[in-house]
Structure formats: structure tokens, C-alpha cells
Amino acid sequence: MRTVIAARLPRDPANDHTRDMAEARRRVVGEATGVTLEHVGAFSFDPAVVRGNIEGFGGVAQVPLGFAGPLLVDGEHALGEFFVPLATSEGTLVASYGRGMRLTREAGGITTTVIDDVMQRAPVFVFCDARAARAFGGWVDEHFDDIRAVAEATDSFAHLVRIEQYAVGKMRFLRFDYTTGDAGGQNMVTKATHAACAWMTGQGLSGLEHFTLSGNLDTDKKHSAVNNLHTRGKRVVAEVTVPAALIEQVMHTTGAALYHQRQLSNMGSLLAGAVNNGAHYANGITAMFIACGQDVANVAEASAGFSYTELRENGDYYFSITIPSLIVATCGGGTELPTQRECLEVLGCFGPGKARKLAEIVAATVLCGELSLGSAIVSDQWVSSHESFGRNPPPST
Amino acid sequence: MRTVIAARLPRDPANDHTRDMAEARRRVVGEATGVTLEHVGAFSFDPAVVRGNIEGFGGVAQVPLGFAGPLLVDGEHALGEFFVPLATSEGTLVASYGRGMRLTREAGGITTTVIDDVMQRAPVFVFCDARAARAFGGWVDEHFDDIRAVAEATDSFAHLVRIEQYAVGKMRFLRFDYTTGDAGGQNMVTKATHAACAWMTGQGLSGLEHFTLSGNLDTDKKHSAVNNLHTRGKRVVAEVTVPAALIEQVMHTTGAALYHQRQLSNMGSLLAGAVNNGAHYANGITAMFIACGQDVANVAEASAGFSYTELRENGDYYFSITIPSLIVATCGGGTELPTQRECLEVLGCFGPGKARKLAEIVAATVLCGELSLGSAIVSDQWVSSHESFGRNPPPST
Amino acid sequence: MRTVIAARLPRDPANDHTRDMAEARRRVVGEATGVTLEHVGAFSFDPAVVRGNIEGFGGVAQVPLGFAGPLLVDGEHALGEFFVPLATSEGTLVASYGRGMRLTREAGGITTTVIDDVMQRAPVFVFCDARAARAFGGWVDEHFDDIRAVAEATDSFAHLVRIEQYAVGKMRFLRFDYTTGDAGGQNMVTKATHAACAWMTGQGLSGLEHFTLSGNLDTDKKHSAVNNLHTRGKRVVAEVTVPAALIEQVMHTTGAALYHQRQLSNMGSLLAGAVNNGAHYANGITAMFIACGQDVANVAEASAGFSYTELRENGDYYFSITIPSLIVATCGGGTELPTQRECLEVLGCFGPGKARKLAEIVAATVLCGELSLGSAIVSDQWVSSHESFGRNPPPST
Amino acid sequence: MRTVIAARLPRDPANDHTRDMAEARRRVVGEATGVTLEHVGAFSFDPAVVRGNIEGFGGVAQVPLGFAGPLLVDGEHALGEFFVPLATSEGTLVASYGRGMRLTREAGGITTTVIDDVMQRAPVFVFCDARAARAFGGWVDEHFDDIRAVAEATDSFAHLVRIEQYAVGKMRFLRFDYTTGDAGGQNMVTKATHAACAWMTGQGLSGLEHFTLSGNLDTDKKHSAVNNLHTRGKRVVAEVTVPAALIEQVMHTTGAALYHQRQLSNMGSLLAGAVNNGAHYANGITAMFIACGQDVANVAEASAGFSYTELRENGDYYFSITIPSLIVATCGGGTELPTQRECLEVLGCFGPGKARKLAEIVAATVLCGELSLGSAIVSDQWVSSHESFGRNPPPST
């Protein structure tokens, strides 16, 4: 039963982002498939606003959105309480993050810190041999100011911080590190690096055989060790110390039990070759990204991270999460779309100067989810399996 | 300037998924933040339908949705042409995937194959020493039928295929592998494994000190080497051979140039420690996941993958992508939400018996995006930098 | 100053392993380079014994060899006390391992457990497409008994346990898992797998385009995630619980301090993307491998591993190490060489039936080195830096 | 059958490195185990020379040593032809490397390039929170000159090049990068970093809770992603272009066949999560390390690497290997031991100013082994399995 579609999607080169064109496309799709696209067509805005965001516009995905919080953040950019919009279809997700927000609020709030902020494009230059590639490396260092000038001339927000260099064989991979204001910046750095490389390759580089604008060391839309070490987007930490009494009262477990679970999770992660020793960073990040007009595909990078905890002598529990590659924007991309802008505004994160604030709120939210799910795993075990094996207390307590 | 929020989000224990409660929450959030949530509130369905999908429901994120295609798939489950709904705010994404769809359609379509299909929950059992842990491993093998019976009794769709075993120190990590019908299955396998483990720990396991339902070897919502090797969700391959003439005509480059770029991308990926040697699998997957009601956080797993290509003597180019951990559902989760269901129906992928079909369409879409972006990188280089270094032809051509 | 060598190394096709031929080669090398190879020529055995072990034989490397111990092992194969021969030129190595042996002996000895035992060869079969590759996977399962019969016919010690299967694109990687008696087994499994594959490719496999005996998934002489998960050689665990008093007395630190260091080391390893969260497994393994005639290049695999520890309430410290890929032999290879055999005999590990015993002794030795170096790092800090920052007690104690 | 050893190893605090003490230890070990340590005791030098290299000295491991070559190197430090000493007990190893040396010599020799040269110690500083840790990062940058002065005062050969910084949670991992003259340098950098850190922690660092000299980010005696990216020891490349005719004549295969195998090996490595996409770098490195008095445990790091190749239009084959973490010494450690020194002298690599030369020779040797084994795999397949599936030519040729 092979599906054959004779029709083609209509397109109006003059003005393709209109209600008429959207309807025309829904009609073609609907007729070809027998589906009535009623809800997809039920959007609340003028399609002109999505020009630059999408091609072949036909309507919207309506993703359920819930609010959690207040989340109490003690950040350098985000300070105070926030209702957090989460767009998801996974039941219990909002409730679980909400429970973590209650716990951390009662614990005095979450401290957040943006440690690094950098966006990359990583071209590769192939030379006739390794020596020419190495010489080029020196040339790049010497001409950094020139290269930066060319790169930065392409966009007033692109600031070239440094150029990392990596060498294999006769190749030289450069990793251009930029700050990009409050935009995600992927396109900005591509354009800037393209200009820089055009200038560089125009200087008569000795022994150059080949150049390409990306050699997969960026690494865009995928996790990598180099991102873990050197950041892509924001590197952000969220920390909290939860009093022992609160853990028992809200989470029905103990710091000691959570700490023991941490040991096991660390071993499981090392054994699995996992990119994150935590539970489910990706859940909260994804739900906030959809709600807030972020580039959701960057969950590929943002899902990596490090959970580090300490058990105090008095039973209090220090918990931190580090997200090394959190790419967020409060300008450009999807941030000005109608619902997305409203959600950013709810967080006080719409527009210039807000990207680090948004990064802090995301990190604080992730921490809440880790505490909540981690406790759920441990306490469930504690209760339901108590009779069968609970007589052996956890060894490290 | 610390934000203080005195208000709390209202909740109606009796019936929380109503227009009134959604509005009440928007009002509280709006008053606390000074934001009018007009568009978030402009959803087109009865909130009762999102019961089970979200808590604290306040409205929707309207994510722009475009159509690309037709995509021509020669699958075992997906056969024929499809209009593909993509929800995104990243400009050029739909156009780029559309270009790849045109190329592959003219090349005769994309062959897709689901190689494996399995969902996991991975508890860890800690014993008094490594010998007791090893003995337990043997016990599990001997009692597999019993364990399976208990696990499968929890859900008629959960079928326990096997239990992988991994050993470190005095721990035994079990990785329960299930098929879960056409649901994503994460919750199903948690419940089934919980029951199985309760039965197991009730058998008086010799030397058991501790048990926990997840020891981070699942690995859920994060990439891992074990997932790459052993699949999480569907393992799916998409393949196409593009005639030389078509590459030049549509993509403005050659198979030889693409093949040379593949060598560089492989090295960049190995050097970076990247989880994917391709370009941007995550983009297409994310856009389809949002449109089609999938668990979008699973982009964390699905963003990993392998691109393998061959250059034929006649210049034709064989291109394949493998996604080892693609988690898709056509039942449950967000699949029955209004816009999401419409998009699944457009693909003929709504309801039971359709998950593998959906996996095939996603994989074919990913392949189109890889061909399109890969060609764009290569051809741009070819044109713009031709004068400066193009006199040296790429070495492998 | 380019070195030119006109001479060629002599070779006697009839009998190349003689004192005369060794001397002839030393003379040629000596004359070409102006070096007198006095010590290299001072070996104590008839060169005939190294036939099969080396070509171009010219003498020996005399690697200093020290004894440490007694090491007290409570293994299933190694039981009691052992003097451990360690060949190294790194000062303090023998002393440090010796200190750990004293500590663990006073703690009652080290429990060792061989968990798995398997050696691999991993051919790859390339088909016309992914479906043919998948079908081949099923064919392999169906014909496992036939394949095993062919493979095992090549060597009475080769026993084919299972064939793991891994799929990417149109390739099927098979990972043949054998036990190989008390030999290292790499050559044995190559020969057996070669025979098996010759039989397989002779069956007219549908769609087969290409076959090669190794597709780098073995993975031989290099670490890999698949080895970490599925073992190469012996998977062996060593465990000890050290009383609090003993840690203070012998190691001048505390279990709490060691446990805190473990947390930091885990994070460092995860961040670094390291293949071992311990300190220096490779040191002890290498020194034993050289002394005992093992294939020292397998340090590449054996250097990976997992340290897992627990702090008891009373301050006692449970410490375990797991080596997932320890390749050892007590037959074949270099085990019958004169000094190497003597060292194996000192351990009671020469000849058939002893490989697991040797694996246990190596693992116990590694554990001693980890305790010793780990304590040295922690106690040094504790003492020397006490005044400057010791007023802040370690947070987790 | 538990082995009990009542005796203890004798030790002479005044002068432990004598023939008498060595014999005394052999006697104790011999009596305890019933083994006559004849060959272990047959060393040719005064034990006084191994003072500083080993404790508990009892004799030597005599490792068979063969010569291969001449190897033709076109390096910046190694120039001309060399006989290469290889200490091993693995039959065919020397012959196989020798075959690669013949091939590359006839191809005009191997170009070698040392790209980077750096040795590390990586302390971790734990603070009260992430902000204090971040502030410390800035402090380190500001005080780099002071830190360097303190570090370099400990050893005239230690030069502190830079301090890399890595951040997780409230921790700051510093990775001190030194050049260390022609010594391996691990102890040198430990001492230098210890002094630097003592000075740093003495400056009253705000919020410092804990410090430890190594947090497993060095990463010593184990492979890591950070080493792959940033080098440990020498980063060295070896390159050769082998004419098509020579491949057929010497290796009985073709560049096209080797290139196809390279594609499969790359995929296998990516799938396996392997630290090396080549065949057996570790074999040649280990054999040279044993012969030449290197720290053989560093095979753990040196076994990682990257093979990158290109197939020319005329069938010539460009082959390169990159070893990112090759730790070699021509001073200190085991380099002055009798046989080891002779072997270094054979290479013209004994003493100051020779470490990079040695690195180049090792890399060139590794390249020979890769070409030889790679060809053996491919050609064997080609011949023996020709009838069954050879009718399908390899797809990329």
C-alpha cells in the first residue's frame, strides 16, 4: 500500500507567510492525506510574524504548557521568585519539577552562576603535511588581531574571544570562540567565521590543500567531550544545600540515602559511557526550551552535565548541577513569537541583556527536577522493598 | 531587584484541567509578572484532553509548523510519499530538509530499515561482595522465565526480551530490554521492572545489601555508549544512492567532494569525542518530535548516530544514516493531543501498529537534512574560496 | 646530519635463533651506529628458546625486577600469600605497592573474583543494504551451532561462547567471544574466526558485498567502551575493607578523607572523559606483565577500570577495583621464557589452569597500589597544607 | 591449598642495591616458593646502577630483543636510517614492523613532526560555591607569573607553559602544562605543581574549602578525551605516501582496498567507543618502550591515536598516524640502565636534547606497523576468501 502524492506544496514567492498561504498548504496536505488540519490551523497570530522562523508555514503545534513554581533563585542575573512555564506532554513532569521548586524554596533558594559563555564555529584547514599545518597554527596566533577584526566586522554582537587549535595529521582544526550578545549565535558565528576564513585563505597560506567551514569539532547539535571541557553556549551551575529535616519532610528520604544513590549513579554513568551522571536534565530543559522559543534541537548539547553532591555531618545535603553547554537566547530565533515571548516575559527574560538570566533560571529548574526524581527513586525503594532487604542498611550511611 | 511572588498557583483537586483553571493560573501568573498571556491562552481544544499529559495547565506554546516534501520512502512500514510536518522556529530548517527530500525523491527514494526495537529500565543490585553479585547474575539467568512473567503481568504490551547484565565491583546492573508495542514505553518498563524487582528481592537473594530501580545504565534522557551499542527505542537506518548528475544539479557539488568532507568529519568527530559523526540529526528529529507529540527530551538520545557513505566509481554517492536510539510512539504520551494527532495522521502514523512506520519516516527525514546541509557546506566552500586555494584539487578526488 | 645505513641485518633462514646470529646482528648494528651492545648480549639462555617469540633476535632488555609482598589474597584461584615480582625502572613503584600489600595484609587480605573470561575477534560483513545485513544477523543466530563447530575445530582450547552483533548502516559487526584456556588467545581466536568466516562466506550469503576479518570492534590493543561493558580477557574484581585504625596508622589519613577524594576523582574522570576513575592501575599491571611474560601491549586495554568505595559508619573503608579487560596467560606467548617462567613459578602461576589465578593476583596488586598512592596524595595534602587551608574541614566528613 | 609465607623480604637500609642483597631476596623468595631464580639473577651490571629505579631489587626480567630496519625517517630531529630495537615476546611483531619499514623506506621514508610537547599535573581546588571557584579562576590568570616563578624554582628543566582551567560545580580543576626538557617529567611536574599550589593556598584564597594535588584530570597512566585534545607528552605525526606499485608488490593489496578498510575501521571505532581508529599502535610503542628504558605504563596513554589516510587518483596511498600522548624520555628514569642505554644509543637518542628525536622514531615505527598489519588483514581476505565473495568488488573502488 504505497502512498502516492501527486500534489505539490504551494508557495508564494512574493509573500508566503499569510493566512491564505497557510490554509492553502493545509488544504493540499489535507486533500492528499484525508486529514482535516483543524487544530494545526488554530493559531492566534498573523503569520507575518513567523517570517524568518519557518518555511512552508501551515499552522502551529499546540504544545500543552503548565506553570510551576515559584522557583526561588539567588543568581547574579536572576534574583527572586519565578513562575516557570514548561511545555510538555509528559504527565508528572510539571508536578515533579514543582515539588523540587517547593523543596529548594523552603531550603532558602538556589544559587546560580554562569561560569563561561561562548559560541563556536570550527573550520578545518588541510595542508600538504603536518609541518605546514603546524606552521599555520603559529600563523593564526600571530594574526589573531587581524582575524578578529574581519570576523567581528560581520556583526556588531559577535566578539571573537579566542581561537582554540586542535591538530591531527596534516589537518588543523580551529575552534573559533565568540560571545554573541543575547542571541543563540550559531548563525552569527558561522557568518563571522566564514568571513574570517575567506580572509585567511586569501593570504596565500603555504601548503594549504583544502578548507571547509566545519569539520565537526564545533560540535553543533550533538554532544562531545570538547563541549564538556570547553563549553558551548553558557556553562552554568546551580547549587543548593537542603536541610536534613526538609529532605525527610518533603522528599521522604534522607541525605545519606541520596548520597549512596549518587555513588551508584556515578558508577552506572562511568560504566555506560553516559554523557551525564544525573537523572533527567533534558526533561526540564526541553520543556522550557519549547515554551520559551529556544532552539530545541540544542537539547542534544544541553542534555550533558555533571551532578556533584556532598553529605554534611549533620545530614544536610549539598547538591549541584553543572550544564556545560546550555545554549539560550532572549533575542532573535523564536524568542519573538507570540506565546514564546509571553513566556520569556513571565520570566523577565525577553530581549537584550537577559540571556544569562535565562540560563540561570533553566539551571535552577534542572536542579529541582534532579532532586525530585532522585528522591522519588530512592524513597520508593526505601518504602516498597523495605521488608525484603531493608534489614541491611545502606552501607555508606 | 529581587522578584518576590506572594501568590501561589491555584489548583482544583476535583477537576484541574478546565478552561477556568487554566485561566485562573494565567491570571495569577499575569498579575505576579505584569504579563498578559493572550496567546498562551489561545488554544483550540478542551483542556480535559491534556489530563494525564500535564499539570498546572495554563495554555499552549504555539510552535510554528511547516510542511516539507513529498518525501519518498521505500520502507518496510512506510511506503510511498509523505508530507512531513516540522515544528520549529529556526529559519531555513524546513527549506533545507525540503531540498534533501527533493534530491532523494528524484534519486528514487530512501530505503529505511528498523533493525532493533527495545526499551529499558536498568536497576542495580548491590551485594556484600563481588562473588554474591556474580552468583546473583547466574540466578537471574536461571529465573528469567519467572522474572518475565512477573514483569509482563503489569502491562499487556510489555514484552521482556532479555536482561543484559553488567558488573562492577559488588554491583550487578541489570538492563531489562522490552518491546512496548507502539508506546514510547518508558513508564511501562519502569512499572514492569519495579514489579519484577520486587519479586526478585522478595526471593531472599543471598548477600543483597541494596537495591535501586535505576543505576543510570538505562540510560534515560541522555546519550551513552551502551545505547549506541545496544539501542534504546528503535535502531533505524536510512539509505540512498544519489546519482552523480543529481548531486551536481541539485546540490551544486560532487560525490567526491562530499566523500572528502566525510573523511574530515569522521576525524573531527573522533577528535572531539562527539556522539555523532554527522551534521545535525537533532534538527529534523526535534522538529518532527514537537509536531508529532513525541517526548522531545528524547532528542538527548536520538541526537547520536552514525553516517556511513561510499563513493562509487561512476561518481554516484551512497549515503546512510543510522540512529541507534530513536524513541517514537504512536500511542499514548502526547500522540492524542489535537495538533499532534493531526500531524501523525498526515503521516498515517496515528495509533497502534504505526511506531516503526514513524521511525522510518523520521530516519528518512534525517537523511535528507544531512545531505542538504552537508552539500551546502561543501559547495559554499567550493565556490567562495575557489580562487584562493581551489587550485589544489581535493586530494582524494 | 642524516644517518645512512648501508648494512642490512643478517638472517639465517635455516636457524636464525642462535648465539651466533644474535651476535652477528649486534655486530651489524654496532658497526652501523658505533655502539657496543655489551649488556644487550648478556643473556643467560639458549636463543633457541625464543623461537616463536621474536624475529631478528639480538639479545635482551634487562629490566630491573624487584619483589614486593607478601600479598595476601583470598581468591577463588589464588589463595594465600605471594611474593610479587615487579619489573620496572620507576623508583618508588615497588615500595608503594609494597606498602599497600602490608596494609591489606593487616586488614585480613584481599578478596578477588573473576567475573567474566572471554577473548574476541570481530569481523565485519558489508551487505548491499541494511536489510540484507539484518537478515544476515538472523542467519548467524540460526547457524550458531555450525559456526561454532567450524571455529572450535581449529584449536582444542578455543570455545566459542557467543557471537555479539552490532549494526550500523549496511554493516554487521560480529564480535566472536571465546574462552581460550590459559593462553592470551588473540591468535587462537583470529584463526578460529577466520575459519568460521570462511565457512560463512562460503554459504552464499545473500547480498554480501565485502568481508574483513577485523572491523575495529574487537577492540585489540586499545581501550573501548565495548570492552568496558563486555570484557576482553578477564573481568576481575579485588575488594578489601580496611579498618579505620589501620588507615591512620599505616597511611596517615582517614577513610573520610579518602572518600572525599573519591568524589573529586570521580568528577575529574567524568569531566576528562577518562577511561579509569582510579589513580594508576597501569603501573602495577605493566610491572607484573613485564616480569611474567605477558603481552605488555595489552596495558592499552588493562589500564581501564573502575574504583568503587564505601565509607562505613565506623570509619572503616571499603575499596574495590574492577579491571574489565585484563588479558593474562600462563601458557604460550612469553610465559615459557626463562626469567618470565621463574616469575610465574614464584606466583604458582606457570602452565595450564593458572590464568585466573594470575588474574586474581594482578587485581589484588592493583588494589594495593591504588590504596597506597591515593593515601599518599591525600595525606600529603593533609599535612603540608594544613596551616593554610586545613581549618576548613573536608566538607563530607 | 592456602599458601602461607612466614619469611619477610630482607632489606639493608644502608645499601640495598648490591649483588648480595639481590641474592638474599632471591633466596628468601626461592625458599618460600620452591623456585630457583637462576635466570632472574643473571644480570650483567652492578646493582648500584638501579638505585633510584627500583626497590626490593632481586634481578632482571630478560625480555627478548630484536632489531628491525633500517627505518628511514625524514624528521626534524630524527633524520636518516635507524635500526630499531624492539623488546617483545610476541612472535611476528618484529617481522611485521620490519616489513613496514621496508615498504616505507622504498617509498622514500617517513616524514615525522612533533606538534606539541607538554606534561601535566592537575590539582583541584574546592570552594564554598561556584562563584568563589570562578573568582579563583580569574585570580589564577592574574597571578600566572607568580605561580610560574614558584613552580619553575623547583627544577631548572620545568617550564610552566600555561594553566588550563576546567570548571564543575564548586570545583576548579587546574591543568598545569609544562615542558620538562628531555625527561618524562611526571615527577618533576608533581613537585613543581606541589610548590606552586602550596604558595597559592598560602595566599588566603577566598572561600577555599579543600585542595588536592590531583583530581584525575591529569590524566596520568590512563587515556582521556582531554589528553586526546590537548596532548600529554609529545603529540607527534608520522606521514608517508606509498606508491601504488609498491603497495601491490610489497603488501599484495591496493590503496583502494586499504582505503575501503579505513572506512570500516572508522565506523567500527566510532561504534565501539574506541580510543584509537587504527590497528595496534600499542605493539610497537610497547616494544620500543621496554627496549629503551621508557615508563612502559604510559602505553595506557600512548595507545590512543588517529589514523588518517587519503587515496590519490593514481592509486598512491597517503597514510598518517597521530599519537597525541606519547611520553618519552632520553634522560632520567630508566634511560641510563645498561641495556636500555645501549638501545637508546643505537638510535642516537641517549641523553639531553634527544626526546623529540625519540618521539619521531617511535611514531615512524608505529606507522610501519599500521601499514603492515592493515595490509595483512586486507590481503588475506582478498586471497583466501576470493572465491566465495570476491566476485563483488569492494564498493568504493
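Some observations on this one:
Order as written gives the chain letters A, B, C and D; numbering starts at 1 within each chain.
Quick note on the criterion: contacts are C-beta pairs under 8 Å (C-beta built on N, C-alpha and C of every residue); 3 or more make two chains touch, one makes a residue touch a chain.
These numbers were taken from a predicted model, which means no experiment stands behind them.
Shared contact partners of chain B and chain D, listed by label, are A, C. Two chain pairs, A-B and A-D, are compared here, and A-B has more C-beta pairs in contact (counted per touch definition above). Taking each chain's centre as the average of its CA atoms, chain A and chain B sit 16 Å apart.
Work out the mean CA point of chain A and of chain C, and you get 40 Å between them. Chain centres here are Cα averages; for chain A and chain D they lie 38 Å apart.
For chain A, the set of residues touching two or more other chains reads 166, 168-169, 171, 225-226, 228-229, 266-267, 269, 271-273, 277, 306, 308, 395.
By the touch criterion stated above, chain C contacts chain A in their complex at residues 225, 228-229, 263, 266-267, 269-273, 277, 306, 308, 310-313, 318, 395-397. Those residues of chain A lying in contact with chain D across their complex are 76, 111, 113, 115-116, 129-131, 134, 166-171, 225-226, 228-229, 235, 237, 239, 273, 306, 308, 320-322.
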